[in-house]
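In this document, chain identifiers A, B, C, D and E correspond to the written order of the chains, with residue numbering beginning at 1 in each.
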Amino acid sequence: MDIATIIGYVLSFGLIIGSIMMGGDIVAFIDVPSALIVVGGTIACAFIMESMGNVLGAVKVAKNTLTQKGANPAETIKTILELSNTARREGILALENQKVDDAFLAKGLRLAVDGLPREEIRETLTVELVSMKQRHVRGQKLFKFLKDTAPSMGMIGTLVGLVNMLANLEDPASIGPAMAVALLTTLYGAVMAFVVCGPIAEKLERRTADETANMTVVIEGVDAIVKGHNAAVIKDRLQARLAPNARPQDQEAA
Amino acid sequence: MDIATIIGYVLSFGLIIGSIMMGGDIVAFIDVPSALIVVGGTIACAFIMESMGNVLGAVKVAKNTLTQKGANPAETIKTILELSNTARREGILALENQKVDDAFLAKGLRLAVDGLPREEIRETLTVELVSMKQRHVRGQKLFKFLKDTAPSMGMIGTLVGLVNMLANLEDPASIGPAMAVALLTTLYGAVMAFVVCGPIAEKLERRTADETANMTVVIEGVDAIVKGHNAAVIKDRLQARLAPNARPQDQEAA
Amino acid sequence: MDIATIIGYVLSFGLIIGSIMMGGDIVAFIDVPSALIVVGGTIACAFIMESMGNVLGAVKVAKNTLTQKGANPAETIKTILELSNTARREGILALENQKVDDAFLAKGLRLAVDGLPREEIRETLTVELVSMKQRHVRGQKLFKFLKDTAPSMGMIGTLVGLVNMLANLEDPASIGPAMAVALLTTLYGAVMAFVVCGPIAEKLERRTADETANMTVVIEGVDAIVKGHNAAVIKDRLQARLAPNARPQDQEAA
Amino acid sequence: MDIATIIGYVLSFGLIIGSIMMGGDIVAFIDVPSALIVVGGTIACAFIMESMGNVLGAVKVAKNTLTQKGANPAETIKTILELSNTARREGILALENQKVDDAFLAKGLRLAVDGLPREEIRETLTVELVSMKQRHVRGQKLFKFLKDTAPSMGMIGTLVGLVNMLANLEDPASIGPAMAVALLTTLYGAVMAFVVCGPIAEKLERRTADETANMTVVIEGVDAIVKGHNAAVIKDRLQARLAPNARPQDQEAA
Amino acid sequence: MDIATIIGYVLSFGLIIGSIMMGGDIVAFIDVPSALIVVGGTIACAFIMESMGNVLGAVKVAKNTLTQKGANPAETIKTILELSNTARREGILALENQKVDDAFLAKGLRLAVDGLPREEIRETLTVELVSMKQRHVRGQKLFKFLKDTAPSMGMIGTLVGLVNMLANLEDPASIGPAMAVALLTTLYGAVMAFVVCGPIAEKLERRTADETANMTVVIEGVDAIVKGHNAAVIKDRLQARLAPNARPQDQEAA
């Protein structure tokens, strides 16, 4: 898991809880029915909009992209340069025995070793890239839906509390606490939306961008190997996709 | 019907009703005129924006996609692989006698058996895909419109209640209950928008994506059969469109 | 005019007025200055943003699409199939004497009879389609602008009322009625935006989609007639653009 | 300047001021510090987001498009038809002596007279069209930014006023007037956003669409002149871009 | 740094502080816990959504684009015209010894001197342009996220304060000050969002547009030099990308 994500969660919840405890008693902020209607209601709405298999699938995609290390295009470029040297020295069939960690790169090499035409390799890999993006978008949309729905459930909870309170105004002393409880669902909804689900949705989007960049490097790299470009040209081309300061200075590959 | 959808509706309405009953009397939350202005008014606005035939058509699309099982691309790929084996063994005309459940695949096969050129088959099927999407988008937009309009009608109802209340402030005891009733339309609008119509709109969008994926597999598959590719190549190509863990491991087809 | 539109307006206004009269006196909801600032102010803003000729033009487009019957692609396809039969039997010049109601189809036929190359016919008709869409978008944007502006003018009116009320708090009895009047502009703005202008904007969008579908059918149909396709092929192609249940079963045309 | 713009501003401000004066004293609505924080603060934010030269440039673009008459494609088409007749009668070099008001059309003719290949003329003119759009978008975005920022500055001003008021609740008589003043910034922000900046941003967008339509007519027209089409064909093509009722009936040009 | 940015910040904060001091005591507006929950909580959410390296990278991109002078396409065009004259007089290899400040132009010239085919030079440079845009979009999105999150954290802080206040209503005298403090987080969130982060996000977007325009000029310019166009043609082409009044009148280059 990204260490930043842990720090982010600890920090944000710490700050909210700290601000609660500075001004009063945290017990006043814990209300199980309010939590049920916001968290449970929001998840229930997700079940309405998406088949159960897809909800679980999307949650898994989200978990994976949070716990797994993101793609590293610079590393991938280095591997591709080494492979291109091997291919030029020993022929493209020599790539068959190379061990490659990246499953997508491995598939690309297998297609190249199998002797498929360049255009077909590129097309097959591109289809895989597109379908990866579509799966990821599904996960992002689920979390965006949760982010949008949580404040609405919070508002529904608060409205229920307000109507109940307004219909029973006989005891003035109970108005304050009743309204405090009514506001709790709005608070829960805001925390669930803006601290929990929103940042995850954004993180998924960024991870998809990272993986897209990495897969694009693989597609271009395999294409260049099959074309028989030398490593210097490949390096020039692929590194143009990295930020200037992320371009490795490995002299030996060039 | 997706079992998740039923669970989702039962759960969300159960939680809202439960939270009402915990804090007071559910009778205070039932007000027929308020329900009329929100539900009736929202549907009336839908009649303004869309011809009656299209409203009913869109509702039917929505009902279908909720009650019918979604498309299953993995199943479709399996069928296509079997058909491609038949076509290679017995010639493309042998496909005429195959019974195929998927109406879109059946149409594609009929065009292939009729001997239309590849490009024309692809074009005709693609037109059908595009027009399916346009029809579905229409249904989605109707439910998004309902989702956007319901809170507005709720707000209009609340404003009407507030103005009535403010114009008659003589009896202080009536202020609370009057305001409680005024807030009910906002509550109804929020439930109608965020628990009923919003998730349906989202579900329709996902179903369209599923059906698009399935139809794309059919278009590519028929194209590959006509082209005379062998099953292994077709499998490689089509399965690239599935999530890695959804790819069937049927050895016999390859 | 679509009967649904009339029903929609009668129903929505009836419900709002009904809910007003159930809770109080409708006289309390009529305030000419409030109506002036909301309706007049919103229209004044439209004059700022668009030249007067274009405002009137857009209103006319809106009126036309509301009062005229929408396009009927199924009917158009039937006409095209008949024309294609004539063209195959008697030659394309025979189309010169055919009476065709649809002005766009008539123009396409005229270009075909004039012997223009296929690509040029398609291009000229497509330019017309694109420029129809641009004109319609203009009308849609005007009504979306009105929809967005009306609540803002309502809010401005309410703020004016609140400031006036707050600056003169000496008479407590006047607070309620003053605030009731202040809220009226918000109510007017909401009704104007969500019941009047919003649904019209949506309806215009749908009508544009209908007309686009119809014109696309014409463009494809004229193209197929010039190409000399037989009616069966044309029917297959054009009907792919209709919903499955909207496809006519006219055996004689095929 | 469009007369509609003047009417729009006079009308909208007149209605707002009128509604103020009907309900109270206009003096209560004038507060220089409130105006400073809203108007000044909004403009200050514009300086943060855009270099000073570009702010001034965008304001100038806005001023030009408001004060200058918009493009008139029908007029441009008429000129092009006359030029095409001259070119066919006397050769394309005869266009060198033609006086043309539209600077963009003049540039296109100059390139044609210089004997550049058709594709290059089209490319150069298209670059100019694209870069015109980019400059205009910049101006539109500035006014949209002002529109989005003004209500925020209004809210900031109101929050400042509320905090000040709440921290000093000793004198109940001062609460009303203090809150009235606090609300003024919200009112100013709303007027600045929805009456002043919003309509200008929209108007700029429409003007860009007009100018794009006009420049497209010029690009197509110059292309057709160089290609040597006769006036009837050019007229047919170019007028397809106009609304049916805007197509001139000048018989002599055809 | 753009002088306008400094002026903008000084002016906007000066106006806000001034309006605070006019109406009360600035001490009432300083509350460290409120600042912690808004600023700290917002930054913590950014850590959740983005890996730490990328947060820092994006901040650096933001800082660079604020402190560095923006790209100047007019200046770049002048340089390119001089280089094209050199290339025509002394051959393209003579460009090897030219000192060029713009790193992107220098790379383009190096590729040209290396004798790469035109299409490949254009492709490599375009990849670099696209990947620059993707990096910048990342920075923009971070600041947009901060802008969207800050008001949410402000609302969460205010809700916490309100619940605390409502749960302890015994002392009426404390209600005003408690609510004043509760509102401070909303105020902080609005200032952080609309005065600090929003304008930076917008400025980043504009800087990206500037840099894109400049890099496009370089790509077209290098392409034209390799193609061997003379300076007059190049000037015509490149200056079409500038605003009419930004086109330099340097007679000697033409």
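Structural remarks
Here is the rule we use: a contact is a pair of C-beta atoms (placed from the backbone, for glycine too) under 8 Å apart; a residue touches a chain by one contact, two chains touch by 3 or more.
Owing to the predicted nature of the structure, the values given are computational and were not obtained by experimental measurement.
When the partners of chain B are compared with those of chain D, the chains appearing in both lists are C.
Both copies, chain C and chain D, contribute mostly unmatched positions to the interface they share, with under half of the numbers common to the two.
After Cα superposition, the angle needed to carry chain D onto chain E is 70 degrees, rounded to a multiple of 5. The mean-CA centres of chain C and chain E are about 40 angstrom from one another, to the nearest whole unit.
Chain B and chain C, compared by their mean Cα positions, are separated by 25 Å. Under the contact definition stated at the top, not a single residue of chain C touches 2 or more other chains. Round the ring, from chain A by way of chain B, the chains line up as A, B, C, D, E. Those residues of chain A that touch chain B in the complex are listed here as 33-34, 36-37, 40-41, 43-52, 54-55, 57, 124, 127-128, 131, 134-135, 138, 141, 145, 149, 152-153, 155-157, 159-164, 166-169. Those residues of chain D that touch chain C in the shared complex are 2-5, 7-9, 11-12, 15-16, 18-20, 22-25, 28-29, 70, 175-177, 179-180, 183-184, 186-187, 190-191, 193-195, 198-200, 202-203, 206, 209, 213, 236-237, 240-244.
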